[in-house]
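Everything on this sheet refers to the single structure shown next.
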Amino acid sequence: MDRLRIGVIGLGWFGEIHCEAIVGIPTLELAALCTRTPDRLAALAGKFGVRKTHRDYRELLADPNIDAVSIVTMWDQHTEPTIAALEAGKHVFLEKPMASTIADCHKIMAAAKRSKGILQVGHICRFNPRYRMAKQEIEAGKIGKIVAMSSRRNIPAAWTPEILNKIGPIVGDAIHDTDLMLWFTGDRIVSAYAQTVDVRGLKYPDIGQTMYRFSSGATATLETVWCMPEKTPFDIDERMSIIGDDGFIHIQDTFPNLGIVSRDKLQSPDTTYWPAFEGSRGGALREEFSYFVACAQRGEPPAIGKPEDAAAALEATLAAEESARSGQVVHIGSRLGN
Amino acid sequence: MDRLRIGVIGLGWFGEIHCEAIVGIPTLELAALCTRTPDRLAALAGKFGVRKTHRDYRELLADPNIDAVSIVTMWDQHTEPTIAALEAGKHVFLEKPMASTIADCHKIMAAAKRSKGILQVGHICRFNPRYRMAKQEIEAGKIGKIVAMSSRRNIPAAWTPEILNKIGPIVGDAIHDTDLMLWFTGDRIVSAYAQTVDVRGLKYPDIGQTMYRFSSGATATLETVWCMPEKTPFDIDERMSIIGDDGFIHIQDTFPNLGIVSRDKLQSPDTTYWPAFEGSRGGALREEFSYFVACAQRGEPPAIGKPEDAAAALEATLAAEESARSGQVVHIGSRLGN
Amino acid sequence: MDRLRIGVIGLGWFGEIHCEAIVGIPTLELAALCTRTPDRLAALAGKFGVRKTHRDYRELLADPNIDAVSIVTMWDQHTEPTIAALEAGKHVFLEKPMASTIADCHKIMAAAKRSKGILQVGHICRFNPRYRMAKQEIEAGKIGKIVAMSSRRNIPAAWTPEILNKIGPIVGDAIHDTDLMLWFTGDRIVSAYAQTVDVRGLKYPDIGQTMYRFSSGATATLETVWCMPEKTPFDIDERMSIIGDDGFIHIQDTFPNLGIVSRDKLQSPDTTYWPAFEGSRGGALREEFSYFVACAQRGEPPAIGKPEDAAAALEATLAAEESARSGQVVHIGSRLGN
Amino acid sequence: MDRLRIGVIGLGWFGEIHCEAIVGIPTLELAALCTRTPDRLAALAGKFGVRKTHRDYRELLADPNIDAVSIVTMWDQHTEPTIAALEAGKHVFLEKPMASTIADCHKIMAAAKRSKGILQVGHICRFNPRYRMAKQEIEAGKIGKIVAMSSRRNIPAAWTPEILNKIGPIVGDAIHDTDLMLWFTGDRIVSAYAQTVDVRGLKYPDIGQTMYRFSSGATATLETVWCMPEKTPFDIDERMSIIGDDGFIHIQDTFPNLGIVSRDKLQSPDTTYWPAFEGSRGGALREEFSYFVACAQRGEPPAIGKPEDAAAALEATLAAEESARSGQVVHIGSRLGN
């Protein structure tokens, strides 16, 4: 069995976490790194023992010994490298949000159709075993028809001052829950209403509360607070309720399954998404990359992380942000990708 | 010390619970009962050993030996008996919602101003020790300025088929959280947006999701599901998060502090609002009535359960229901009571 | 209706809390205070507006205008004032543990039999609505026959340096769970095994773990840690599981129903036992005193807080402490009070 | 990269789960199956598409194309096949408990020392990310010195009637927590006291409560109830508290991170140990096997799942069972493996 040689494009904090996941997967070889910043490039090349380093992603894509790339650039800089990688025949793992406009999503999807490489968008929550189990149970008819949902995905203020200058909490985080709700219902969203609150005067508001209406009549609220106070005892306060007419599902992750009280603080660290043990990252991120490798090696487009699903989730969150700006309900006319 | 002699007007399921609370309070005497239905009147008179029974509340109000009344009629039949009782100089404990229109609230408030009796509206949640403690901590500046809130108040489907023909979940239940949010913020609500879902085809929809904007810029969502599936393991799934810019408060009542798994089911019974022990009701309901008696005996209007607060909560929930019908955001123009 | 005039004997931190509860109860009048320390006596007399103050409890007991006393002296100084009060015909509310030896318990019970006053021992947990509901459900047969139990009652280290020089966690706190387990099973304890850990070198060890065998064959473990680390997010971590052969009950109090994250810490304050609102104490402590007054006014010995029950709980915890010292299982021969 | 060809010996319910985990791991090939029961052998060979089937494990071990075996026979039938496999030079993954006597553990360890194959004992909890994170934090000094621990591992009565005729809850399940406690403390257990309860009259008692003393003075209780009532809403009620003198850790798995209320029941299914998705088992079991393969391919003995650790955990649980039979505290004299 051959290992898939992968390059990582974009080496911010999450690009580094991608690398830490990749090195723990026996079917993957971290073969190349790319970022514009020379110091960062040298530092991560040293940390992971990677010889091939590039400051221009086109160089990396020109290397015939690279089978796949992971693209972790800023969300509004996804489109060009993704299309170029697909045109170069590479398998592409693209972080969420897929792009910053629906038009770009369409361009990417068109490139994917022409490529011999596969394209998977990194909607990691679908690899959280709790949501995965929920999906199985919903498919098995355990809760009947979904009539209402609500979600929360709140994170500490200390994490977000930098990121709030690049992306807001609705497109940045509620997109996870939007994608999950679309997955669970198998439905489409017909309208969005949202309110934001600017707490710290950064580029994007710190708080988003969103309400969706689904085509079936189901309703949903999504809470995303990116300014949880300093002593907040969890890394992520993540919850979802899915109410059917014959049952319901409640998910609460990552709190309170692990609580650590030390001299200084109470903490509930992530053990679901990318816990680090002995130098590499496990959890849902490892599962997600393992799935990507398996699809790539079979040459089959992934059933999880499909571009059209990622685009639908983006469309709804962009509509919510537009609603927050205008104060009006935003209607979402047509099914994406048709 | 004299006991306050009280009559109960309206003897539905909650009127009976009022009686069960009253008989456990040493400063109160359950002295008269009133309902139009003769069988029910006789049954409860027997159960509680009450001699004075009336089918017309005006008779009861004419009795000079009655000091106070508790009014537990249907929410749209509050106005007449309340005004009559106040005009008769009785102390009035009035169940929430205060009335069914803002115009009626104004009439009741005007009657209260002219009366020698006090008027307290039964917003029982303010006597839940958790919300009360939250209010103290907020007043003490522990969480800074409130920027976002969210609440849930979901109840089993089995409880609601009858009540959903009389009142919907937003005015019926989200009014509790609306009142609490107004109390915690000391602010007013400037707009409401809501979505409802009709699951069972009853007169009112089973589910309401509401979003408020406060004058300060704070945002809030309120979830009220009156059709929780049969095996739901709690009597009320009641939660509230209050996020400040310097701290936050999370309340979760009544689940999971007490879970009882019997042969047939898992249940988390109410121990907060009106738990029954040895023939009478304790909890917040007893506290609320005890507070009412203390205010009445001092002849001071209550600081908790003020009519103007109750009217403000009603106004916001009526606006939310209007929004759910129209699909539009509803703006709430003016401060109530000015 | 007359108010019961009560004096409080012993004015440590919990004596003061007794006073704060008493002043909130309309059927009680805080009429006298007693402690040996003049400054403390003056301070609390001022705080509660009490004119009758005594440094010798015999003076207080000689006052014919006092109907009842609450005895909150150190646990090994309960016997003399309790017997004297009963001999003086006062109603006595006695804090737990009832005494420091079984011989003293017998003396107190004998005095109670001869007295016209009633005697109630302050096993407050029986007034926690969750345990009370559990007892009702067990009596109703909801969980079948009890086969195993486990409890936890852990408190912060910051609270205990002083108290650990007076009493240890097994007799001091596991006695609550011992009493509850005896109540729930209606059984007696036949053996005790316990281990303690001395963490801070105080007079009593900080930690106790106890195991009981009941006459029915049921088994139980009790955890009492009096040195929970500084950042522990709750005032009491209190849990009990009661496993029957046909159901089970889980109680978790007071965490997590209320969590308050402020700038400095996460806290889960008590809202069950003696929450303070507007200058007086509510919760189980108020319920307990109200019950005491009702019994005293009817002249009936209390069914909750019976001396023989309190003595049985003491006997088991003393046996556990003896086991912890000897390293051996301690067998408890005979039923107390027979 | 070559795949490790593995055979599974013992095809009960958990042997099948081993197979389901193995087929999802790209570095493993499920190459052979062995059980005495022809029907079961044929059924699983068909299900997993395995051609090599054996009714005698010696045949399987004689096959030079088999690199490794997983031994999932009854716990008292581990010794012979394990020694034979090690003597045949195979890598061995051995389920816990390692054996049924300490003498057998010593024989297995001796065989492992002589073998070119590695030996890993399946203490799966060490691959639960929550315990793994706890271990990291303890090693990093976050909670200071461990002074007390407590654990619970309770499972539904419906699962256990058959298994209780083969093994009891202390050796069968408390061994997990025993192993974890030994891991966390890095200490040894010097005494054990335990009580069991026989609820259903099966070969082994349904309930075990165990108390350990560690060499450092730390104390621990372990609860294992194998008869949780029918409506119990979780697959495993698994909790551990680790109290240090400078912090503490609380772990609660798998409840309540996922709750599913269907028409018939409330359930909290396992998403930690071996959740099944798309035909194979993930979670800790997959991690554990992946770790085994990595160790085997490097030819290094595993640092997790070491035979001497497994033997120490067995020794303590056997002492606890002896204590439960004798009613006496059992002292554990010497460090195992020295």
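As written, the chain order gives the labels A, B, C and D, with residue 1 at the start of each chain.
Please note the rule applied: contacts are C-beta pairs under 8 Å (C-beta built on N, C-alpha and C of every residue); 3 or more make two chains touch, one makes a residue touch a chain.
A quick note: this is a predicted structure, and the numbers were derived from the prediction, not measured.
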For this session: Using the touch definition up top, find the fewest steps from chain B to chain D.
Result: 1
For this session: Figure out the least number of contact steps between chain B and chain C, where 1 means they touch directly.
Result: 1
Exercise. Approximately how many whole Å separate the CA-defined centres of chain C and chain D?
Worked result: 42
Problem set entry | chain A and chain D: spacing of chain centres that average the CA atoms, whole Å | 35
Problem set entry | Separation of mean Cα positions, chain C and chain A [Å, integer] | 53
Exercise. So which bits of chain A are touching at least two other chains?
Worked result: 143-144, 229, 231-232, 246-248, 256, 261-263
Exercise. Can you list the chain D residues touching chain B in their complex?
Worked result: 229-233, 256, 261-266
Problem set entry | Parts of chain C lying in touch with chain B, wherever the complex brings them together | 1-3, 26-27, 129-130, 132-134, 136-137, 142-144, 246-254, 256-263, 269, 271-272, 275, 277, 282-283, 287, 290, 293-294
Exercise. Okay, in this complex, where on chain C does chain D touch?
Worked result: 143-144, 147-148, 150, 152, 193, 195-199, 206-207, 209, 211, 213, 217-221, 223, 225, 227-229, 231-232, 243-248, 327-329
